[in-house]
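I have a structure here, written as structure tokens, and I will follow up with some questions on it.
Each chain gets a letter, A, B, C, D and E, in the order it is written, and its residues are counted from 1.
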Amino acid sequence: MSVDLSPITLAIFVPLFGAIMAFLLPRAASVIGLATLALTTGAVIWLARAVLTGGAVVLPLGGWGAPLGIDLRADGLSVAMLGLTCAVGFLVSVAALDSLKGAQQARQRQYFWPLWLLLLTGMNGVYLGTDIFNLYVMIEVIALAAVGLTVLSGSRAAVQAGLEYMYASILGALLFLMGVGFIYLQLGRLDFAGLTGAEPTGALIAALALMFVGLALKTALFPLHFWLPAAHANATAPASALLSGLVVKAALYIVLRLAQYMPFPSETLLTLVGLMGAGAVIWGGIQALRAERLKLLVAWSTVAQIGLIFVAFARAGEVGLPESWKAAALLILAHGIAKAAMFLAAGRIKDEIGHDVIRDLDRSPIRPTLAQFTFALAAISLIGLPPSLGFIGKWSLMEGAMAAGYWHWVAVTMAGTLMSVAYFSRVFAGFLRFDRVRAPVGEHQGWALADAAPLTLALAAIGLGLLAAPILGFIEIGYPFGVAP
Amino acid sequence: MADPLMIFDILLALSIVALATASLSVRDQFTMIVLFIIFGLLSALAWVRLSAPDVALAEAAIGTGVTGALLLKTLHHLRFVSGSRNRQPMTGVAPLPPVPLGVTLANAAFCGLITLGLAAGFLGAPAAGPGFDMLVAEAMPTSGVAHPVTGVLLNFRAYDTLMEVVVLLAAVVAVWQIERGLSEAPAPVMGVVWQGFARLALPAIVVVGTYLLWGGAEAPGGAFQGGAVLAAMGLLLLLTRAYVPQPGHRGIARWAFVLGTGVFALVALLVAGGGRVAFEYPLEHAKTLILLIEGMVTISIAVTLAALFHGREPVALTTGGRHDT
Amino acid sequence: MAEVIAAVLMTAGTVFFIAGTVGLLRFPDIYCRLHALTKADGLGLALIALGTALLAGSAGAVFRIALIWFFVAVASATCSHLVARHARQTGTEVQHG
Amino acid sequence: MMDAPLLPLFILLTSLLAAPVLFSLPERAARLRTGINLGMAGLKVALVAWLSLKVSQGVIYDLRFELLPGLEFKLQADPLAILFIALSAVLWLITTIYSVGYLEHGPHRARFFGFFSLCVAATVGIALSGNLFTFLLFYELLTLATYPLVIHRGTAEALRAGRIYLIYTLAGGLVLLLGTLGLWVLAGTTDFVPGGVLAYVVAVNPLAAQLLFVVLIGALGVKAALFPFHVWLPIAMVAPAPVSALLHAVAVVKAGAFGIMRVVYEVFGIETAQALGVTAPLAVLAGVTIIYGSLKAITQDDIKKRLAYSTVSQVSYITLGVALASPLAAVGALAHLIHQGLMKITMFMVAGNLAEGLGVKRVSQMDGVGRAMPGSMLAFTLAALGMIGLPPLAGFVSKWYLAQGGLEAGQAWVIELLLGSSLLNAIYFMPMLHRAWFRDAAPETTGAPGRPRIGWMLAVPPAATAALVLIAGGFANAPFSPLEWTRFIVAIEYQE
Amino acid sequence: MTPDLIYGLTGIAVFGIGLVGALCALDRLRRVLALKLCSVGAGFLLVVGAWRAPPGVPDPVPHALVITGIVVMVSATAVALALIRRLQTLEAEDER
């Protein structure tokens, strides 16, 4: 019996089998983990080639086809998200090899890999899914694995944060499930294609609102962000990088897809989304300015950046939506790469210096130069300075807003940019000030494997800005859904 | 007008709502859990009324039975930990910072508004909605099973079901990683009568669980319900101390956890080929494959649920301590 | 004929259930309540099971009903025992009055 | 190799690629570092010379790379670009020599020279930008590369200055982003084209065009230290002397001034800008800055601060020349871009030498320093006299053309402004010269005579630039002199 | 007044009650329970959606979905409860 494997199924099943193997064989977990990541990346590249040459790929699982069965579908956007997940995931895994290598972390190491690979299964499943109930199951896979990663360190603060995260995650998923129920009531089917062109009835609006609020809770959109800073700041560095760089993107991606197939019924709602995003930009910025610890600052910056993505989403109103999602997608990619780099770098700095209190960074005679440099490079992309991918994302955001005459979104973006300069420069001052050090300063500390991965990510965040045109071209493949056969 | 069934429905609905409210507002946590269990059983009854016996079985066994057991176990743990050390025997958990009444009221009003909105949306939805009825009816003959719900779970939407088993796997991995070190509350001593009952019940449970699994192909029941019933056996074993998990059993436990997921995923992948895609079972083997999957998944579910109830990974207690990373 | 007998048995069973419930609500302490519940409900259940068995079509169904009755009876007895035992161990007082 | 279309890219890469290499060198590899620095700087000068030869022969260099649909990264080498990169290439070489001497035993040299290279790369990029979008990219890179240089000393004061610098320039960059977006949305292109791209927009929507002008000039004015955005410049004086020299003479301030030129000449077009009525206010603003900077300079005792305010004043000559909208004034402005650079870099290097060799940092300490360091002070004197506008020095040439341009434009007040400003220049420079040459030295500044107080690497660069000041003024009409090249540019910009 | 109407509204009410509990409950165990109530409410909605008037046979797909939802919820509950137990242990150790 010859087995005919499709890259779509492999992208989901390889990490699943990897997780199983890593759980069964704890001693070999790291090797299995890296091999799985490499294989998954291979599958995604295979899939990307297929999408490049033949457009969107649809796989009806079980041969039934939607709406009875479940279809997996890969178009440009989903493959871009898969690529982001695998590439960032691979580099974070490399960094994790180093940061979890001590005998002290034996237990963390044993559980990190199965949880992370399950997380990868869930995320890849989300990016390939076209069935909203299936998405619900997938976000639960993500939630459980992500909570497990959050509390990996086992400290009280981490467990406390993990519990809050768990509550938020369950509630978010249940709101989403309730929305699924309403969609079934109204339409009698659950695949994306069934949503296109549906009349905005009461039940459908209720469904949309429920699902949006649930996803906003999962992706930590202001004012539903309360759980995020503690969870991301207290996790261990590789876990933080995965949570902040990748996990929140899954829910964001679903929002993007929903908006794509079920257009928002009103301009007002879109404005509301933008306002929530603006609130996140401002509030996240203020809290980042006040944060006392480096990782907390980075976590608050995630809140602000998520807000910015929603602003990008709302940047040109209802009419501009068919274009606005691209700006949002660019920002999602940029943030995913840069934030992972930044959290890894912050973790390295904390490891080297021994603490991450921002005020006292400049007291340390130890300067992990490379990690600091990486942090600065990542900050460049997050602030949105050229030629980084973050800049290109911000450019398309502002361009669309300006062309449509939505000056308030331009103002929000600029305010957010200035605030990010202000809060990141607090950190730079800590890196570059030397007159508070008593002992002789040691530089170029630790050329560790753990430095290579974040540096690569940070350089990618900046360099990919130069490839923005091909990236944009790629994510448009196979869009919109309804048109594809 | 006075249709007795309708009166029954309304009474049942009212008691469900009342029990939900009561379980959230009652002060004592033990009462809260008991009220919740009654609530769950009545909900299951309501679902029987809505011609959903499979769902009712699952809700009674898993949603209420296992969840109730988990809640009670946690309550026992909380009372043990705080009762012996913090002198807070009844509250069970450290008090959270008090929320101002105004905030609570505002939240409640907010939720009330949402609920009203949802009710409005529900009333506006089509009365007898469109659905999958026709599609399922057409596809049933080629599904390999006779019971539609089993067909949906293990064939049409098998991918969902696989991922659901993955969720269970993720849960047990997460629970093993979360709880560690220190010994938990000792199991309560329950006396001779209980031991005798357990001994009597164990074989019966095995029979019922297997029956539910086997019957699932034609009648209500299936892997999840059967697995939950078998898990009850595990609970009994754990509670009677007939079985005490040992560190040496971890390896076999891991295999049991992943068995269902692994077999399910392997079968799903290996049937692809010859024009078929993943999850597309060849018609002549469909029933066999589905039964194989169901059997393995049942074992995994039973062991996993029992492990979730037990909680922490069985490690030697000498390595206990909070910084056991 | 069988229907009439079944109806009578089930009605009687329901009466016992109602009696047990009244006892649960009216009796002063946990021991008395258990007394009411176990006795009355046990009989009520038996009567209802008997009534249903009369209506059952096949021997298999009768067997299953008998099995259910048996296990519910045993389980409820065990539960009552556990509740009473717990109450006694935690020192719940017997109410006189 | 005769025909190398990628030549501008190579010039950019000489310093852009040097940066990562310099970063990764260990601190102690001083010789290797110096070798790379000087080699790259020398290579760049040679390449620039070649490029200018080619451009003067009429070869067109135009490199494009699409970043977003329709939006290009574009490098072009036009005569105006050549003017600016020639300045930066020559002065980079000189300043590099000076920095090597200045930082001989200082900490963090790998970092310093890495960012130094990056800073020059950004300047070259600014010069070669073929559209406002590319300009913006390098403009921001310049900010990022100069920030670590400004706070190089790592003291609390340096960091405070750095923060102010960063906030001003990044805010400026953000406004420039806004302006670039505005231009993109309004005109559909951001290309620099002689004569401008906005003629249609100006006709249709003059208000939007005026707004755009204000936004762009405001953004560029931050770096050009146009009043009231000049605040950061004197504060940034905490940077090491070579950094100040570079900031004032080539990189930051000049980037702003150069940007103003590009915007006025090639985004709006001089005629369009005049028609829009925005040039006159700009000229007035430049005039105000000239007088204000000079007045503030008089009151400063710190040498570097006095020089900084002098820069505020002098750079606005360029803006003034651009805003006067007359070809002759434009010649003056462009020539001043070069001349001011030469003069100011000399003075900053000498200021650094005074601090290094004698510990003199204040004007009041300058008594008798001329006798202690005659070579350096001679260079300083030449530059100062040039600033004041004494013929035949470089400053005179540019001021002369500015005045002529003012007359040509019918703005007689410019003459008075220039006279007044020269007077003020004399008021703040003459006392320094007087103290240096004619006062007796204070005891702590006199040491053993005859022994050189500073190494040759500190002494030669200011002497070389001072010589250039002399040459640029004295041989102003020679071929390939800045002035001649300037005339070539103006002919293009005024489309004659 | 058909069963679907009655139980549909019941489900929404239970969901709302759970929502109030999830937002306002003071102790951790109760919040978990409130979330479980929400999930039962969502289950009601789907089961009601599957219901067909008596001669009709209910749609099996939502039934399968609810079963999946129940299993998913018990997994999430188990993790949340494990966190609660762990947190309580850590807090007790801190206070000791």
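Operating definition for what follows: contacts are C-beta pairs under 8 Å (C-beta built on N, C-alpha and C of every residue); 3 or more make two chains touch, one makes a residue touch a chain.
Since the model is a prediction, treat every value here as computed from it, not as a measurement.
The set of chains in contact with subunit C as well as subunit D is empty. Number of steps on the shortest path from subunit A to subunit C, with steps defined by chain touch: 2.
Set side by side, the interfaces B-E and A-E show unequal numbers of C-beta pairs in contact, with more at B-E.
Distance between Cα centroids is largest for the pairing of subunit D with C. Taking the mean of all protein Cα atoms as the centre, the chain whose own Cα mean lies nearest is A. With centres taken as mean Cα positions, subunit C sits 27 Å from subunit B.
Separating the CA-averaged centres of subunit B and subunit D is a span of 73 Å. With centres defined as mean CA coordinates, subunit B is found 30 Å away from subunit A. Each of the following residues of subunit A touches two or more other chains: 68, 133, 137, 140, 144, 147-148, 151, 159, 162, 178, 182, 184-185. Chains touching one another form the pairs A-B, A-D, A-E, B-C, B-E. Those residues of subunit A lying in contact with subunit B across their complex are 1-6, 9, 13, 16-17, 19-20, 23-24, 59-64, 67-70, 104-108, 111, 114-115, 118, 121-122, 125, 131, 133-134, 137-138, 140-141, 144-145, 147-148, 151-154, 159, 162, 178, 182, 184-189, 201-203, 205-207, 209-210.
By the touch rule above, subunit E contacts subunit B in their complex via residues 1, 3-4, 6-10, 12-21, 23-30, 32-34, 36-37, 39-40, 43-45, 47-53, 56-68, 70-79, 81-86, 88-93, 95-96.
Residues 15, 18, 22, 28, 31, 35, 38-39, 41-42, 45-46, 48-49, 61-62, 65, 68-69, 72-73, 75-76, 79-80, 83-84, 86-87, 90-91, 94 of subunit E touch subunit A in their complex.
Of all residues in subunit D, those touching subunit A in their complex are 23, 26-27, 65-69, 71, 73, 107-108, 136-137, 140-141, 144, 147-148, 151, 153-156, 159, 162-163, 166-167, 170-171, 173-174, 177-178, 181-182, 184-185.
Touching subunit E in their complex are the following residues of subunit A: 68, 133, 136-137, 140, 143-144, 147-148, 151, 156, 159-160, 162-163, 166-167, 169-171, 173-174, 177-178, 180-182, 184-185.
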